[in-house]
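Got some structures for you, see below.
Presented sequentially are two complexes of subunit A, the first with subunit B as partner and the second with subunit C.
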Partner chain A sequence: MGQEMKSNIYKGPNRLLTFLNSKKVAPYVFIFPFIISFTLLTFYPTIQAFVMSFQRILPGQTEFVGLSNYRRILNPTFYQAFQNTTTYVILTCVILVTVPIFLAAMLNSKFAKFSTFYRASLFIPSLASIIVAGTVFRLLFGETGSSFANQVIGWFGVEPIQWQYTSWSAMFLMVILSSWRWMGVNVMYYLAALQNVPLELYESADIDGANVFQKFFYVTVPHLKPIITFVTTISIINGFRMFEESYVFWETNSPGNIGLSMIGYMYTQGVQRNDMGFGAALGVIIILIIFVISIIQLNLTGAFKRGDE
Partner chain B sequence: MKDTKTMLIKVIINCFFCVISLVALFPILSLLISSFRPSSELMRNGISLTIDWSNLSLNNYLYIFREAGDYWQWYGNSLIITTVTIVLSLFFSSMVGYAMAVYNFKGRNFVFLLVLLILMIPFEILMLPLYQLFIDLNLINTYFGIMLPLIVAPIAVFFFRQYALGLPKELMDAARIDGSTEYGIFFKIMMPLMLPSFAAMAILQGLSSWNNFLWPLLVIRSNDMFTLPVGLASLLTPYGNNYDILISGSVITILPIIILFIFFQKYFVSGLTVGGVKG
Partner chain C sequence: MKKIYFSFVFLLLTIVLIACGGNGATESGEEAEEVVTVGDNIEGASELTFWTFAGTHADFFEDAAIRWNEEFPDNPIQFTAETYPFDQMHNNLTLALQSGQGAPDMVDIEIARFPNFLQGEIQLEPLNDLIEPEIDNFITERLDMYSHEGQYYGAPTHLGATVVYYNTAIMEEAGVDIDEIITWDDYVEAGIQVTENTGVPMTTIAENWYGIWPFVRQSGSDFFDDNGDLTLDSAENIEALQFVTDLVIEHEIADVTPGGHYHSEEFFGFMNDGGQASLIAPTFYMNEFMVNMEDLDGNIEMRPLPEWPGSDTRSVAMGGTGTTVTNQAEDVELAKDFLAYAKLTEEGNIALWTQLGFDPPRWDVWDSEEVREDNDFYRYFHDDIFDILLDIRDDVVGVHMSPYTPDVLEEIDSNIMFNVLRQQSQTPEEALQQAAESIRAIMD
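Moving on, here comes the complex of A and B:
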């Protein structure tokens, strides 16, 4: 103890150390990595994304071209990408927000016997990388009559489908891949929230003679509202970010662009065609779309009302 | 009467979940079984329910262990990148999250607002300017370039902050009286107390890095720098000449993760559902 005190006194004169160690300065030293990474990896690119969207960028020379990039966005390929992405967002939202609620409610009930095993099996798909998952789905939904999917529909007398080459089945593949991967994670969100529903409410509902469905819709769902809003928000944002679900099936060239997403369009134009200005303009449009839709969605679900009350 | 009804519901729900579990595990199981099938057959027919059991062999694995030097190079790259990402990102993110929780400093709320803001901006939107920046900084095709965007992860900062809010601050004053520096307090006293949050974040960051695809795809230029997802994706051609490596390689990519999951299930779940902490 005495030894330590002494060594501290000897450190005393080192003014830089004393300065860095003061309670006022230390927190800034701690958050310094964040400041650097925010400036370099978020702030600068955000500004730059806007600037680039008004530029034509060629190696060694960059010129401002006004709104020209934005004007070029209004083309049939973009509409196709927009339509694909929006359909994808709607379908994945409907599936990934609603189905997990029912699964979680059932898992949470006293009826599910091997709950831990069910949870684990539902969760495992989220561990697989999109490439591995995509590989399996490509092989399961192969185009020949002997692939798994075509065998199954064959039992019902349906002719084999070329899954990767028809518009509706292309969407089906992407939606089912993403639903398979994220179902378990969303079930976990709901399960965590279900722990907080007071048991007395179910008991008093029992006394009032409510059946299972009434209890679910009048007790469980209202209590899950905040987490439903949360899951909807991340599903929308992740839906608009969709790129890899399409890449694993067609890389960047799907027949007739049936698998093209907005981020995919941004990637092909910005990176593959090296048209960075146009890609940046697409990025600005995508973020605006996400922003507007999130605001609408949060308004509809009343997430903003809490402040007024 | 009531008992038989409850019994019936139990049976129905459990049957239902057995089916659901099977559906969820089916793609993984079929990948595992397919990895023992001849790759030419996979390429021709895809994964099919009719399995010729006499045809199963370890050939794909023998091939990958003996011949596929590229694959192991990618495996090594992924291991290095993931390990370094976990260590650096946990170190930096915990520091930042901790400081935001225990100190009262000017700009603290603003910094927290920035963290939330970054959480809301999809990475893909910033991808092109970042790509341009990394070209200018000569970070293309380097390990550091692949890792950098993951190193101070806002989601981890957020999680560590929430966790550190519950730390006993009295310990800090006691340590100061004992002559400990602010940094000593963090590394010697508080960090050990935060260990459970490190486990969850190590898994989240490890998994994001191990499975990261789009950014490495942009930054990596040469085959010897490929990470596993980028490398495997390069084999995913319609010509199917590499399906032996693709299929056994996929199994070897996810098997360690599934084994880890079985042992550390709790941390996986809390790591992957962080966003819901204060949902």
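Moving on, here comes the complex of A and C:
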């Protein structure tokens, strides 16, 4: 009797638990919280932005205006923003994908001294507030002859540069700020990947008489390939999303728009100028650009292929 | 089919990566920088919230709230002032008014952003019933800057009359008597004398609208005419910008402002060290002198703008913040009454001067005992500030605002001044025409 009671009591929960634990259902249970937050906080706003991109939105007077927002996008300011952002993406990708590999390899080598110290030093910038970091960079690269950067180039006999007012140096400032900030994070990714490279491969390479560089290019790099693909992808996406790197130097109006990024353009038009429809249209275009470029990049690196083909 | 499905999943993934990814700067700072509350210990006090981007404005209203509660014990208020960074406050307000919730009862809106809030169904409350009975006491040009179709939406913080601040030490060294500078030609001549005798420039030109708008307005023109049509590239405006450009390039008596504008740290240091002989800026700039340029104490005298050929205008009301009441205010009448008490009454206008050092938009207080009483501003500058203003009272003009004014100001900030003055890659005519073209494209 007593035993029967017990089994009766636990029958219900058991069934539920079994259901939730079943191989088919369990995965969905685990990703359920993410799906909810994704749908509410990301997917719904994205759809809404898509709808808004066909509207003219003013308090109490929202109306559909067809493609007029998209037609307005093709203007010189947008081209400038697109050009700036693309240049920025290319430069940051080249720097942030390649340099950290070498740094990680060096830090990982058994000859490196104080490697913990260097790891920490490289990583700390990513924890710094970009507003604070940007202020420091702005002062380092001031326009007067007494600013740090101008003093340094002065030792080599170079005339002071108006860092924040020239097109090439503006790009340089944004790229250097971003590189300084994210270098350590990418080094960490690579360092983690390096731990998975089997030591036997290096040993056998040694036996075959490979030198340091051959070991690096024929053993280390192939093993890092998945991570390289990953770092490239996030570098591209982060590059196209660039906003703060420009904001800290010029806020929203850079001279001659030399620091204008696509997101910056979206922000000034959509939020500051309260032209949400146009801002939304820009956002949709930016998503498409990133999507297409990521597809191309992942196809080229073979990330979509299965297995080890 | 599989490919389409895959592409869709990948698109979602891209969206996730774009949306997430740790964006420190944009997420931080949702909280107000500073919150001040008055009257939270009074039972039954009505709550009023106020947003601003200037800590001094919060202090000003805090003081007014204390006085209000003393004066009207039957109708006490619990007043909360929240100070946010400039951009964030205006953005939050845009979103709050757009979505119909979350806006404060009262809010400061800066002049360059004001037109953004006068579009669609206006979400601000008109102040006409409070302003109209007293309108003769105001310099109405200032009120017009915050109006739309005859409705006044903003309570001004100051008149903001543009004047010239002369550094008397440099002027003396150069042998120039500032009272003999009557016309802009005299100013240029004095500038040549200053540059030759002392080696410092007569002035520096800001790369934002402070470097062009006063001249445009003084010449009788503006960026928009009375019908709201764009006149940015009119002959008068080209001439005005040419005049500014000539100061830099032809006469070589002016430079581009270090840091690009008059509110940068670089400029404060430069001006404080006697880097330029005079500064063309509105009266509200007095406060910047006092706070950021202590070494110039007693060495600065202000005068009206020199005369522009063929124009009576001696000063232009520039910059400025209008305080508004939103339609989301719980008790609109109370918010309006308190706003009027703080900023539109005689007492409030006197406080604008004694507490903030702003030239009150009500000229009837300029002569009052309280305004004339000795204070730090008179000591730093000179005691006939308001005699100068009373003298030119009828010759002060405001600016025309249009829904597209922010676009013009943006073009000025990022293209016009940079290309004409710093890069010198365009003539004033080319720069103004190019900017006008891109703004007309938006207006169509």
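Just so we're on the same page, the second predicted complex is superposed on the first by the 266 of 309 C-alpha atoms of A that agree within 3 Å, B and C clash if a C-alpha of one lies under 4 Å from a C-alpha of the other, contacts with A are read in each partner's own complex, and residues count from 1 in each chain.
We take it that a contact is a pair of C-beta atoms (placed from the backbone, for glycine too) under 8 Å apart; a residue touches a chain by one contact, two chains touch by 3 or more.
None of these values were measured; they are calculated from a predicted model.
K.L.:
With everything superposed onto subunit A, say whether subunit B and subunit C fit together or clash.
P.N.:
Aligned on subunit A, subunit B and subunit C clash with each other.
K.L.:
Should A:S204 be classified as contacting the first partner (subunit B), the second (subunit C), both, or neither?
P.N.:
A:S204 contacts neither subunit B nor subunit C.
K.L.:
So in the superposed three-chain picture, is A:P125 touching just subunit B, just subunit C, both, or none of them (first/second/both/neither)?
P.N.:
After superposition on chain A, A:P125 lies in contact with subunit B alone.
K.L.:
Considering only the touch criterion stated at the top, classify A:T144 as touching first (subunit B), second (subunit C), both, or neither.
P.N.:
It touches subunit B and subunit C both.
K.L.:
Who does A:N196 touch here: subunit B (first), subunit C (second), both, or neither?
P.N.:
neither
K.L.:
Can A:T39 be said to touch subunit B (first), subunit C (second), both, or neither?
P.N.:
Neither subunit B nor subunit C is touched by A:T39.
K.L.:
Have a look at where A:N21 lands relative to subunit B and subunit C in the superposition and call it first, second, both or neither.
P.N.:
The answer is first: A:N21 touches subunit B but not subunit C.
K.L.:
Is A:F243 touching anything from subunit B or subunit C once the two structures are fitted on A? First, second, both or neither.
P.N.:
Touch status of A:F243: both partners.
K.L.:
May I ask you to decide whether A:I234 touches subunit B, subunit C, both, or neither, giving the answer as first, second, both or neither?
P.N.:
Both partners, subunit B and subunit C.
K.L.:
Can you tell me whether subunit B or subunit C touches more residues on subunit A?
P.N.:
Between subunit B and subunit C, B touches the greater number of residues in subunit A.
K.L.:
In the superposed arrangement, which partner chain does A:F111 touch: subunit B (first), subunit C (second), both, or neither?
P.N.:
First partner only.
K.L.:
Mind sorting out which residues of subunit A both subunit B and subunit C touch, each in its own complex?
P.N.:
Shared contact residues on subunit A: 38, 41-42, 46, 57, 129-131, 142-144, 234, 237, 240-241, 243-244, 247-248, 251, 271, 276, 286-287, 290.
K.L.:
Given the complex with subunit A, which residues does subunit C contribute to the contact?
P.N.:
Touch residues, subunit C against subunit A: 7, 10-12, 14-21, 23-26, 28, 87, 90-91, 94-95, 97-98, 100, 113, 116-117, 119-123, 207, 258-260, 266, 406-407, 410, 413-415, 418-419, 422-423, 438, 441-442.
K.L.:
Using the touch definition up top, name the residues of subunit A that touch subunit B in the complex.
P.N.:
Residues of subunit A touching subunit B: 4-5, 8, 21, 23-24, 26-31, 33-38, 40-42, 44-46, 48-49, 52, 57, 103, 106-107, 109, 111-114, 117-118, 120-144, 146-148, 151-152, 180, 183-185, 188-189, 192-193, 226-227, 229-230, 234, 237, 240-241, 243-244, 247-248, 251, 263, 266-267, 270-271, 276, 279-280, 283-284, 286-287, 290.
K.L.:
Over in the complex, which subunit A residues touch subunit C? Could you list them?
P.N.:
38, 41-43, 46, 57-61, 72, 75-77, 129-131, 142-144, 162, 165, 233-234, 237-238, 240-241, 243-244, 247-248, 251-257, 260, 268, 271-274, 276, 286-287, 290-291, 294-295
K.L.:
Could you list, by residue number, the parts of subunit B that touch subunit A in their complex?
P.N.:
The contact residues of subunit B facing subunit A are 6, 9-10, 13-14, 16-17, 20-22, 24-25, 27-28, 30-31, 34, 42, 44-50, 92, 95-96, 98-100, 103, 105, 108, 111, 114-115, 118, 120-133, 148-149, 151-152, 157, 178-179, 181-183, 186, 207, 210-211, 213-214, 218, 228-229, 232-233, 236, 246-247, 250, 253-254, 257-258, 261-262, 265, 268-269, 272-273, 275-276, 279.
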